[in-house]
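Multiple structures are listed underneath, in structure tokens.
Look for chain A in each of the two complexes below; its partner is chain B in the first and chain C in the second.
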Partner chain A sequence: MYDGGKIIFGLIIFIALVTLPFTLGIGKEYIKANPKIDTPEIMKLPEAERKCVESKDFMRKEHMKMLIEWRDAVVRDGKTLYVNSQGKTFNMSLQNTCMQCHSNKSKFCDECHNYVKVKPYCWDCHLEPKENIKKEAGL
Partner chain B sequence: MGIGLALISVLGLILFAYVGTTIGLNALFGVVFPYAAFIIFVIGFIYRVVKWGKSPVPFRIPTTAGQHYSSLWFKQNKIDNPSTAWGVALRMFFEIFTFRSLFRNTKAEILQGRLYVGSSKWLWLGALAFHYSFLIIFIRHLRFFTPETPWVISIAESLDSFLQVHILGSPLLYITNISIAVALLYLLGRRILDPKIKYISLPSDYFPLFLILGIISTGVLMRYFFKVDVTAIKELTLGLVYFKPVVPEGVGSLFYIHLFLVSILFAYFPFSKLMHMGGVFLSPTRNLANNNRMERHINPWDYPVKHRHYEEYEDEFREKMKKAGIPVEKE
Partner chain C sequence: MSNINRREFLKILGIGTFMGIGGWSMFEVVGKGEIEAFAEKYKKVPGALQAKRWAMVIDLKKLDQQIINDCTEVCHRIHNVPKILNPKEEIKWIWDEKFKNAFPELKDDYMSSEIKNMHVLVLCNHCENPPCVRVCPTKATFKRKDGIVMMDMHRCIGCRFCMAGCPYGARSFNWRDPKDYIKNENPEFPLRMRGVVEKCTFCYERLDRGLPPACVEASKGAIMYGDITDPNSEIRKILSSNFAIRRKAKLGTKPSVYYLL
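The block that comes next holds the complex of A and B.
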């Protein structure tokens, strides 16, 4: 007995499964995340001052860690000021610091997060910047 | 002995990827090796399965635990010794999803001069924890290879991180990161600490363990300690899937070591014991119903056998037999 038919059927399923990432992408465009930094708050700054809390490279890699460290510092240790590597001070706050500059959450934070499929749970409690609230309320 | 060889091989691979990417061969490690590994994996896998498929199975192999189908007053064990396709399907299901054979694992030990044999579930538990953690981690990683993530992946992700624990300001802790490390260290520890298992362990037993340990360590390091630019990494992985390879800036050696070890795992897979992933589906003692006495199974290597009846033999040698005084049937 050989059961060739069943084995070939199994192999076809195997191939279909392992090539799924390739086949799922057919007809969809290759995309890149393109976070926009053209918010009023940032545009107000002079060209040379348009910088984040830390360097762009650092922010891309570490912002999630930084946010948690900020939260712990504020909520647990009662410290509210963050001094960055350039000696500039920032108020350690998600809504009042990050989202003040990056008030375009849907075109900035979400742009990347949808791309890599993370859904930070912060917005269960923290308020999103107004843009979304307006949209949801139909204003 | 085996353990040293395996450890050195894995450390060598890590060093190779580290040196390779520090001298700027990122495209080799980010594009060429992953593609090569994937092709070797798929072709090698099919080759192995087809090769197995070519070996004939003359009849059903009923060496399974449990009462087979017999007279009415014997209660058949329908899962362990099935005689129908449904029974086989159930047996395969439990084998694949709950490692039923491993559940019967026993352990022999000499205690106070006497030999004891007892049930040992630790191996089963460790294997179960390892394989399911690996599966969830594997599914989670598909988010890097799909432009729009199917819901299965997001569910795996949110279940895995539902504890919502941040350790040392790290992103959400995945439960599987802990469970796979514990399970893997157990599986490795049992080979090292139990002299009987150590004695029968070969480099090919240790190598996959160290390799996967390397993959896990680099992954954990990237997630919790030395953060990497995940957005850029997704540009690379999505590029692979779209056949538009890109090598983004700002992705460090740590990621390439991770990817290289995964590539090695894929390429090594079809030629190693890891092929039990395909093999479990083709185990004759698991996937064949025990119906030897109900159905005729024709042995595939049967050929028309030349045979000779005694009459013909006697016809040929009758005179000689008579001379030698041997009794004959026909005069």
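The block that comes next holds the complex of A and C.
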């Protein structure tokens, strides 16, 4: 084999580089996204009513598409009510419906969005629940 | 395939086309129940106020400084409109304008200064033929079925074509992050971000909940609103018995805001 030493040396460097993301992570703590749904607003509901507008599984996968459909229905068609798969009706509003229960944006939305490194621009305009102010005022 | 002749082939083709036109395949795939369920998913609030074309009549005789201030204040407060004092950067949905500026085409050398300087409340005219909608490249500004010229802030790219297109200066551009210029936010309404255009939306969010526009409510009867296509509406009755003018009517934008003198 011509230049065998050089090839093997090159291969070793190549493998080292390719596996860098894994080797760098060795010994580091693996932080899993852990969104919390135990807000006072949710906990004070009777247990049978502690349900989101759709199933947990659906919301986890589809909430972003759902919010976009809600936006178009409200802004374009003036339709503000959502009838869910169980026939229950909700006011379509991120600020006035979703965040009324999920008053813990930092421990709910941000938890997964940070984990998967996405930065949705909802909060450039929509008002976040005032988590810290509430705590400071003891409310 | 040797036993299919030309005639049979055409027959099959004909049947296939017929079924296609009848839309049978559509029903087989989707099912009637599912189509109904889809249509029912989004609904209007039962008491929502609806019209074929919303319009307003503003009676200038009934306006005074107090009413003008009240209307402006309530609109800007409930819609989280930032208060920026620099006139080059200010944001306004409804504001106090002198008659000579609101109606420049009516200005006359011998007009009394009283009329020239009369206070007029001006806002977006929700034109029937809105140039702002025609020039918007993203459909961020569009006309709703009920005539309201709306903004979808999510789509606005801040190109400001609409501001160049609007002959009434009804639109404002957010040069700065408006967050820093709002004292007490209305928690029920969103803000805007830097780089988008905003304007009066005819209080769509109130109509959709069955409430009249906020400025109408605050105007002590000086502003009336209703469906201009309905001959029995309050505003149609007023228009049929009073002389009313519209801003820059000559331009052909067909404003939906009328003024009584």
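One rule holds for everything that comes next: the second predicted complex is superposed on the first by the 118 of 139 C-alpha atoms of A that agree within 3 Å, B and C clash if a C-alpha of one lies under 4 Å from a C-alpha of the other, contacts with A are read in each partner's own complex, and residues count from 1 in each chain.
Everything that follows uses one rule, which is that a contact is a pair of C-beta atoms (placed from the backbone, for glycine too) under 8 Å apart; a residue touches a chain by one contact, two chains touch by 3 or more.
Keep in mind that what you see is a predicted model, and the values were worked out from it rather than measured.
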Label the relationship between chain B and chain C on chain A in the superposed model as either fit or clash. fit
Go through the superposed model and pick first if A:Asp77 touches only chain B, second if only chain C, both, or neither. second
Which holds for A:Lys61: it touches chain B only (first), chain C only (second), both, or neither? first
Just chain B (first), just chain C (second), both, or neither: which does A:Val18 touch? first
Is the number of chain A residues in contact higher for chain B or for chain C? B
Answer with first, second, both or neither: which of chain B and chain C does A:Cys125 touch in the superposed model? second
Which partner does A:Asn96 contact after superposing on A: first (chain B), second (chain C), both, neither? second
Could you tell me if A:Glu41 is touching chain B, chain C, both of them or neither one (first, second, both, neither)? neither
Just to confirm the value: shortest Cα separation between chain B and chain C in the superposed three-chain model, in whole Å. 8
Based on the A-chain superposition described above, do chain B and chain C contact any of the same residues on chain A, and if so which? 69, 121
Applying the document's contact rule, which stretches of chain B touch chain A when the two form their complex? 38, 41-42, 45-46, 49-50, 52-54, 56-59, 142-150, 153-154, 157-158, 164, 166, 169-171, 227-232, 234-235, 238-239, 241-242, 244, 250, 278, 281-282, 297-298, 300
For the complex, give me every residue of chain C touching chain A. 40-45, 48, 142, 144-146, 150, 152-154, 185, 187-193, 204, 207-209
Interface with chain C, chain A side, in the complex: residues 69, 71, 73-83, 89, 92, 95-96, 121, 124-127
Note: in the complex, chain A contacts chain B through residues 1-4, 7, 10-11, 14-15, 18-19, 21-22, 24-25, 28-33, 57, 60-62, 64-65, 68-69, 72, 112, 115-117, 119, 121
